[in-house]
Amino acid sequence: MIETPQLVDQYCHGVLRTELGLGTFEAQLGRGGGPPAPGTTFFDTWAGFAVRRWCPPLLGLEPHCPPAHYLARRRELGVLEAGRRLLRGSGIGAFLVDTGSSGDLTGPGEMAAAGDAEAHEIVRLEVLADQVAATSGTVESFLANLAESIHAAAGHAVAFTSVAGVRHGLAVGPEPPDAAEVHRAAGRRLAACGTFTGPARRLDDPVLLRHLLWIAVGTGRPLQLLLDGPEPGTRAAAFARATAGLGTDLVLLPRGPQDAPAVGLTAEFPHVHADLGRALARTGARAEPLLAELLDLAPFGKLLFSSGAGALPELHVVAARSFAVALGRLLDGLVADGAWAAADARRVAHLLAAGNARRVYGLGGA
Amino acid sequence: MIETPQLVDQYCHGVLRTELGLGTFEAQLGRGGGPPAPGTTFFDTWAGFAVRRWCPPLLGLEPHCPPAHYLARRRELGVLEAGRRLLRGSGIGAFLVDTGSSGDLTGPGEMAAAGDAEAHEIVRLEVLADQVAATSGTVESFLANLAESIHAAAGHAVAFTSVAGVRHGLAVGPEPPDAAEVHRAAGRRLAACGTFTGPARRLDDPVLLRHLLWIAVGTGRPLQLLLDGPEPGTRAAAFARATAGLGTDLVLLPRGPQDAPAVGLTAEFPHVHADLGRALARTGARAEPLLAELLDLAPFGKLLFSSGAGALPELHVVAARSFAVALGRLLDGLVADGAWAAADARRVAHLLAAGNARRVYGLGGA
Amino acid sequence: MIETPQLVDQYCHGVLRTELGLGTFEAQLGRGGGPPAPGTTFFDTWAGFAVRRWCPPLLGLEPHCPPAHYLARRRELGVLEAGRRLLRGSGIGAFLVDTGSSGDLTGPGEMAAAGDAEAHEIVRLEVLADQVAATSGTVESFLANLAESIHAAAGHAVAFTSVAGVRHGLAVGPEPPDAAEVHRAAGRRLAACGTFTGPARRLDDPVLLRHLLWIAVGTGRPLQLLLDGPEPGTRAAAFARATAGLGTDLVLLPRGPQDAPAVGLTAEFPHVHADLGRALARTGARAEPLLAELLDLAPFGKLLFSSGAGALPELHVVAARSFAVALGRLLDGLVADGAWAAADARRVAHLLAAGNARRVYGLGGA
């Protein structure tokens, strides 16, 4: 039996600090935001069944106990203690936390304390840019502060992440925009941030986004790119070519096998890596074949586990356990067939679970 | 062993009333209409092998007997008796029959009698519209008769279905068209129906199709939408938003996992459901992983079995048996692994096989 | 246990004649051309693990021995003897060799001798056209020589292949171009071939490519078409309709299940076939489900094995063994379940492995 070592979760969010009722908990298991249809429940989903499988035992209950029992026990322990037990039982030894999520979520320090684990910050470029815009009076100061903030963040964060960079930033090409373009785009964003009383429309300006990506590349910190929108593979390929040899690693977050062309870039470019977690999130019986499919697309030294989880610590548990089970079963089968040697299987398990991430993010222990 | 209960077949067609020779039977196993290549046969397909597995025992023969023996036995029994034995052996307890198929196929009443089952009508909007056009002299009477006919159909049919609504009707947007547009489109269709001596070109007018969809939505009966053409997920999403909260359920018929964005709407909108049968039709060893993949995309309370079968009762048998075997094996494996509790597995089997359809179509026994 | 018979490899390339060091060998396992990332190796890929599984025993070593041992043994034997042992151990009884590959690779005669097998030539239309252009002084002689060369090639080659025909040639439609268009296109190509000192830009002229395809169709030899570029299924469908009934077989080479619409043409058109090898190349644990998926898309009489391998004879071995194992396991499972009769399984194994190719290419022994 191939054991998966302590995981490095290379992309996740913090957890909610507030107690949840049955309905608000259930809503987190849906994907949309709307309520379940009359006569149905979001507990009747893969996410719901996986929570019921893995989480009750961590709180002292039987697996598959009724959701209401589980929620009662969770409230009895309190959100803090329940979170501690869940995160410590997840098998994750290091959390890389995107601190740009909306909502009142715990930060890396709290995740480390609750999970008795390492934790590091990932800075989301779009959110940082808007924070800087909110405190900058002129285009010149906005742009100067932006560069300074990103370089400052590189001193304490382990990586940058961009959710709109591929979808909007690289839509017109991979190259850094010229100064005049950037100046105009910064002016538009400053105006947009100042016009609305609530939060401005999400940053989707292609010029400003590309400007952010290139400043981040200049810091040398790994840059995570969410694949989304039309032709993400073509866009990621152009950006990979444009950034080849600069010494900064890219970590693509594919949606699944439909992003095979992008994942295939990991074989072509030494600085390109790919995430395993987003594709596997909320999969059930399909996790093992899907993992096999992802392993066909990239060298084993280029794939990194993540949970992508947030809000509920149950989602960190479920992602980590599902990954470990799927990987263990896949590798056991290969070793039993004689397709892989056991020592190689253990080595690859370590690479995917932790080693590749430790090497890319410079975490030590790689 | 998880048993699948009596199935509700939420979308199928009737069966041929005429005796078939080996060649005409074989042609139904192909997908195209052309003959098999010299030196090959359409019995050498998943559909052919599945028919040879499941159907001979229902007619008193050994599984996998030669096709010629099977056809001889079928003719010996006669098309009526063979159909009775096959449909009664399919495991389907309720047939929802699209009566808009071309060809001389049995209707719901005959399906009920032959299959000793419930049967209900699904009205195909495009066919109903052309029937109305054929008997309407003016645009005004065409439009008045159309509305009246759809509302009348809602009195006896359990659902409406549209094969061109997503592909053509929603191509330019989800909103109901305005009266002047509809008037012009109705005039064009009346002219087209009157010009040709044979049947007119299939209805693909985006305005008239959207008009039909919105009248159907107004009846409160569930509306089935075949996903097809470019970007069916985007179009279905826009229509789901436009019809949210109106009290009418939508049932999307996806081609397969490539329609994942559309199937994912079932998690977002309480009134959106998805069919399982079209994706599984004519699959073989892939049925179980494909079913697992579909279960990842939607809450279990939102997925409905169908056979999509027509012409040969063998195809109803094959779809129903393949589904039951794939579902049983998938669930057995999950229970054996401890991933699911047996009681939950039985409950989900019932939802997918029959319960969801009984609830959505108001069939009783839900 | 269903045994796969001697394979016909319906599309492959020759092997390198030169000794390889560890680094140059490893580069062939990557897909890109670039080096592996620091701290990683292309041996840590499915291709690398499959080579380590299947090839060392053919050279007298233990499976999964370290890559450096394997390479040392390979050099000890010499490239010729190692190639002989590998090709003879591949299970391939007939190689159909695309002689249009770049690089110093062995031809069909050498493949036959090394592999103790049949070997036949496949002529790549784009390469033949450029060879003719290089020795033709005028447009008229270019076009006359082109027709003559293709017809002459039909005398010794078993098939034609086109790598750019679908991507560029059929982009504007399937019909043969008219004479004036062809004349202009031939003039452009002649000029391009004469302008550069090195090799001209790869042939991508839609008119000239379509002209080549139609001359090839006129010879009656099977024509292989690489599926690539936008909407290959739509383009292949149009070409299939345009060539129906002419007596020339088409063999489509799909990338994988994303080309399902193209593979489905095999059920619709008697003269359309599909390759199994390109989709399976470099797959690992996924080979068996992927094979199941391809078998869902086409009649079993229309699918043909290939290795698609070239440069390293190890790649021929790996493709052939992986195919045989995946097919054997898939069929064993179906027979064990009662889904297929054992005799049918053996028959289908023979069709996919060799029989279909022998029939299509007229190899004898079909």
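For reference, chains read A, B and C in written order, and residue numbers begin at 1 within each chain.
Note that a contact is a pair of C-beta atoms (placed from the backbone, for glycine too) under 8 Å apart; a residue touches a chain by one contact, two chains touch by 3 or more.
Labels paired with UniProt names: A, B, C = Amidohydrolase.
Computed from a predicted structure; not experimentally measured.
Looking at chain B and chain C, the chains in contact with each of them are A. Under half of the residue numbers found at the chain A and chain C interface occur in both copies, marking it as a different-residue contact. If you average the CA atoms of chain A and of chain C, the two centres end up 39 Å from each other. Taken residue by residue, chain B touches two or more other chains at 289, whereas all remaining positions touch fewer. By the touch rule above, chain A contacts chain B in their complex via residues 30-42, 44-46, 49-50, 52-53, 63-64, 282-286, 289.
Interface residues of chain C facing chain B in the complex, by the touch rule stated above, are 264, 267-271, 289, 292-293, 295-296, 298-302, 330, 333-334, 338-341, 344, 348, 351, 359, 366.
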